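Okay, so chain A shows up in both of these, paired with chain B first and chain C after.
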Partner chain A sequence: MFTQLQIIFLSGAIIFLTTIFMHLVHKNSSLVSLYRVQSFVISALILGSAIEISSILLMYVAIWMFAVKVIVAPYFFNKSIKHYQLKFTSSTYLNTPLTVLVAALLTGFAYSHYFEPLTILAKENGSGLLLSVATILISIFLIINRKGTLSQMVGILSLENAIVSFAFLSGLEAAPSMQLGITFDILVWIIIASVFINMIQNKIGTADSTLLNNLKEE
Partner chain B sequence: MALIIIIGTLLIAVILSFLVKKGSELFSKIALTASVVELLATLFVFNDVAHNGSYVLNSYLSVDYLGAIVMLIVAVVGLSSSWYSVGSLKVETEHGYIGFHRVKQFFVLLHLFMLAMFFAIITTNPILMWISIEVTTLSTAFLISFYGKPSAIEAAWKYLIINSLGLLIGFLGTLLFSYLATDKLNYGLLTWGWMVNNVSGFDPFIAKVAFIFVFIGYGTKVGFVPMHTWRPDAYSKAPVPIVTLLSGSLLNVAFLAILRFKVVTDLAVGPAFSGKLLIFFGLVSIVVPAFIMFTQKNYKRLLAYSSIEHAGIMALGFGFGGIGAFAAILHMLYHSLAKSILFLSSGNIFLKYGSTKIEKITGVLKTLPRTGILFLIGFIMITGMPPFGIFLTEFSIMMSGIKSYPLVVAIAILSLALIFVGFLKHVVAMFFGEPQKEITPGEANANTFVPIILLVVMVVVLSFYLPNILKSIITSASLMY
Partner chain C sequence: MSVIIIWTIQLILVPVLSPLFLGIVRKIKARFQNRVGASIFRPYRDLWKLFHKDEVISEDTSWIFRFAPYLIFTITLILGACIPLFSTLFANNVLSDFLTIVYLVALSTFFLALVGLDAGSAFGGIGSSREMTLAALTEGGFIFPFLVLSLLAHSTNLFSITNAISSLPIFDSTPIILTFVAFVIVMLSETAHFPFDNPATHLELTMVHEAMILEYSGKRLALIEWAAANKFLIFLALGANMFFPWGLITQSSVWAVALALCIFCVKTLLLATFVAVLESSIAKFRFFRLPDLLFVAFILSAMALFII
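Right, the complex of A and B next:
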């Protein structure tokens, strides 16, 4: 069977891969599904930790996180996709080969000597920690590279997941009460950003951020 | 008790504004009452901090020297903005630009925004501070898109995405700072004071990386170049009272967050690291706006770039340290008041001319004589002309850095000169010359200029006479930076 460290590394690898695939998929619904998988893994990690240390409060955090990120957020996204027929996102700024190349470079950068000293935070799982650093960098790249407003939103949430995974691997998680607050904050953010996507669709009529050029005209 | 009064008043103001079913006048009464109570309670806290060194409610809520100064700024700018809102929203309602529900939305979110700012200052926990500053983003996003125009929605979206990205990076930095508490403490109890007292053993590399993340994160909120791109767009689209709060209050709250982490970082790796970072971003934030301001076509964007430039000046002061830090804190105060004068006056220009484009504004001094004079005074203050306070603070900041960083100071002074020339060019075009015939001269109502007059009086008095209590608190606060 897998050891605990292997399970944690595997979880980090799944989160990393979902972020990579977020760059590659072109359907908005696929993007949302990948976010759902990523969030599910994060919630499962927190739940596992709660069971291990027998913390009821941490268990609430895992359930709350699951509800917000695996159920509520995808619900909002899918509703917008269905309502505005956002079946396909607009393309990325870089084409697929270049996107993969940049993702590879970012991963290499995360494993370079610049970030290597960070492994002091998780001596037993240094490789996993650097993988989560790579996930953070690739999530930021996702926000920059994708042109769709929904993709930018998922990019922000993927970055948040990557940071939670980094905190988990390095043992720097905030107290459970704080995590409940942070997840509530994320829920409010999701609702507000969804309202904005609807407003952008209604008033400007596009989900492509490159077509948002009203500010340039003034 | 005073802190509970502030938080309680704002919570009640949010709830009451939400419950109002008709009559826009009620919103005004709630807003003005809440703002006056906040200011009085803040003055009480300020006095207590001056005499006892801090105001402590419990281990999670307390106010230190710098916190007291920022609180006072937020309360004064908050009162001015709320008062001005009463007048400006009345005009906009009369003209049919907005209806009852928009006014309601405005006041509910305004109180929520104020609540988040006050809480960010008084909490001793870095993560609660992060959550509060994130709440300021969420509450102001709808205020930026207030007028519902496509360009306003676009500006709000840009603001939301850029600030959320920045704050997430800041969150990562905040988490790295909690490494200090590993195996020593339940993270929930992590406070600024605890971090300062337990900094020994903080890995220097982690401290540096954490501070860089925190600096980028909260620096996005401050608006340092190159993280500033949201600022001109948001400022040109949001209602003027909100812009005044973004520039006069929120900028300082975000700066406070950076400075709190700076203290911990300086203890871990020495002051040179954070100092150089502040000097670099400070200088870039002065130079870039200097060129953009010269060619600016929109007066609200012009003021936005001026805010970026002044954030840069403050960063230089804190980067140089010593007398520079004292001057930077005083600069925070003068800038907030002077910039509020300019933004609120620009609101009157917008109400009269209905445009933010410089080319469409002529003869303001004849069309809006009171506003025109107030804006000109604000212009003289903000560009650092003697005898006003900003001249003194800018001079002190430059003097504090001239020995160690002569090139930086020389570039900064040249940029400030360029900013003055660029600003003057636009002011001459807007304020002098013949007024447009189709525009009827005269101010909208007293609420749109009385708060500005009071702000001018405050800056003039504080430029010539700094009360001992204020001087003592600023001195004590500057010793930490």
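Right, the complex of A and C next:
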């Protein structure tokens, strides 16, 4: 029905759209759900690649990635949301229209002549590659624009997904053992970051990073 | 002969089906509120009842108040005949240009705002003021999704756009999805649905559309209500056929027409269900937050333009 190239492009498009919607949603649970969709697409891409080249190790990577990004990470986030009643995301530095405007400008920048040379990496799917570049830039903007620590964490993980999507579209996939290691790093990072969020919440009573500026040593 | 029959179906489809879709949306909303709700055919009975009622017209009103309902209703009939509903056989229709459609919608909004002011009531004035504020922002958000589609299709004719979009490669799907999101926001604004307006209330603090037509009664109110239902179905049809242009016939056989009509009903029903679910799951926004939402629709379309 779809060619491999079309499936990879569609996956890149879904990751791009979920990143845009991450900027629009105001509920933390919606943000986590969007991250789950993103991660599911990435895991499915790796699984497809594993089936194509009949690599058992790559299949393990896909299963491990699915477990870490689709199950474990959202579980930690949802637990924090429930425990600390973080139903709504903390406010953003820019309001919604300006946020979308910046995202649009970043998309325009990704499609400008500055990034055009990158399309050499994937001549057949140049548009998809630039879409991944736009996703990377918009994910970085998500980290910068959000004041809540949980949103920033999701932003960092979304950036990681965007980089994986870029690697896929450009044909610069890392070796399965390397991918396994990176996913393990992500798991450790999620655990450490979750512990930090919990400590910040317990000690200060808020997950809003701007309020940390006013802390003084007693 | 078959073309004449298809033309007749195209002409009457929107006014015949529009009250039904209104009834379906109301029924779904009622079910979400744990109510049985009125029958899905209730809007037909309401229209029948209003057409058989006497009407009261204020002495202070001008000809605009008396003639606007006919004009607004006629505009929705023309719109219904000019957009792709179930076939792409009428691609040579000169009124099917997307700019014509946008400005016909704007013309009906303009006359609706005028009748709100004409009676001189405070509520009418408030409603017209709110409507024009929203309309000014909606216009850009309404033109841009079609602009993106017309750039992809290299045509401004809606029938040509549907033909071109259905044959576009999958690599062009991202701007179409972005513009669809923008179009849905604009549709909710234009058809007076949540989070822009609550069509089921007459609360003076929030009403927009209902405030403008408070002075109407009887036949003219029936025409205005019918026109609003037509407009809703027109937007559903535009959303279903411009962004998901599959199932439209290019030949005039009986079975093809029947199948295309079924597909049209299913597509619009899905979109209507989505609107009903959305209305049941979100709260109405404060009036001063609405421009933000419309601006988001505009920027999403602009983003789609970058990606093309």
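Some observations on this one:
The rule is simple: the second predicted complex is superposed on the first by the 213 of 218 C-alpha atoms of A that agree within 3 Å, B and C clash if a C-alpha of one lies under 4 Å from a C-alpha of the other, contacts with A are read in each partner's own complex, and residues count from 1 in each chain.
Following the convention adopted for this analysis, contacts are C-beta pairs under 8 Å (C-beta built on N, C-alpha and C of every residue); 3 or more make two chains touch, one makes a residue touch a chain.
As the structure is a prediction and not an experimental result, all values here were calculated from the model.
Following the overlay on chain A, a side-by-side fit with no clash is recorded for the pair chain B and chain C. Once chain A of one complex is fitted onto chain A of the other, the partner contacts of A:Ile200 are limited to chain B, with no touch recorded for chain C.
Once the two complexes are overlaid on the shared chain, A:Leu172 sits against chain B while remaining clear of chain C.
Shared-chain residue A:Gly128: touches chain C; no touch with chain B.
Touch criterion met: A:Ile143 reaches chain B, while chain C stays clear of it. After overlaying the two complexes on the shared chain, residue contacts for A:Ile63 are found with neither chain B nor chain C. Measured by the number of chain A residues touched, the leading partner among chain B and chain C is B. Contact with neither chain B nor chain C is seen for A:Val25 once the two complexes are overlaid on the shared chain. After superposition on chain A, the vertex angle at the CA centre of chain A, spanning the CA centres of chain B and chain C, is 150 degrees to the nearest 10. When the two complexes are laid on top of each other via chain A, the two nearest Cα atoms from chain B and chain C are 22 angstrom apart. Contacts from chain B toward chain A in the complex involve residues 125, 127-128, 131, 134-135, 138, 141-142, 145, 148-151, 153-158, 160-161, 164-165, 168, 171-172, 175-176, 178-179, 182, 186-188, 203, 205-206, 209, 233, 236, 298, 356-357. Residues 117-118, 120-121, 136, 140, 143, 149, 152-153, 156, 159-160, 163, 166-167, 170-175, 177-178, 181-182, 185, 188-189, 192-193, 196, 199-200, 203-204, 212, 214-215, 217-218 of chain A are the ones that touch chain B when the two sit in their complex. Residues of chain A touching chain C in their complex: 2, 6, 9-10, 13, 16-17, 20, 24, 95-97, 100-101, 103-104, 107-108, 111, 125, 127-128, 131. Residues of chain C touching chain A in their complex: 169-171, 173-174, 177-178, 292-293, 295-296, 299-300, 302-303, 306-307.
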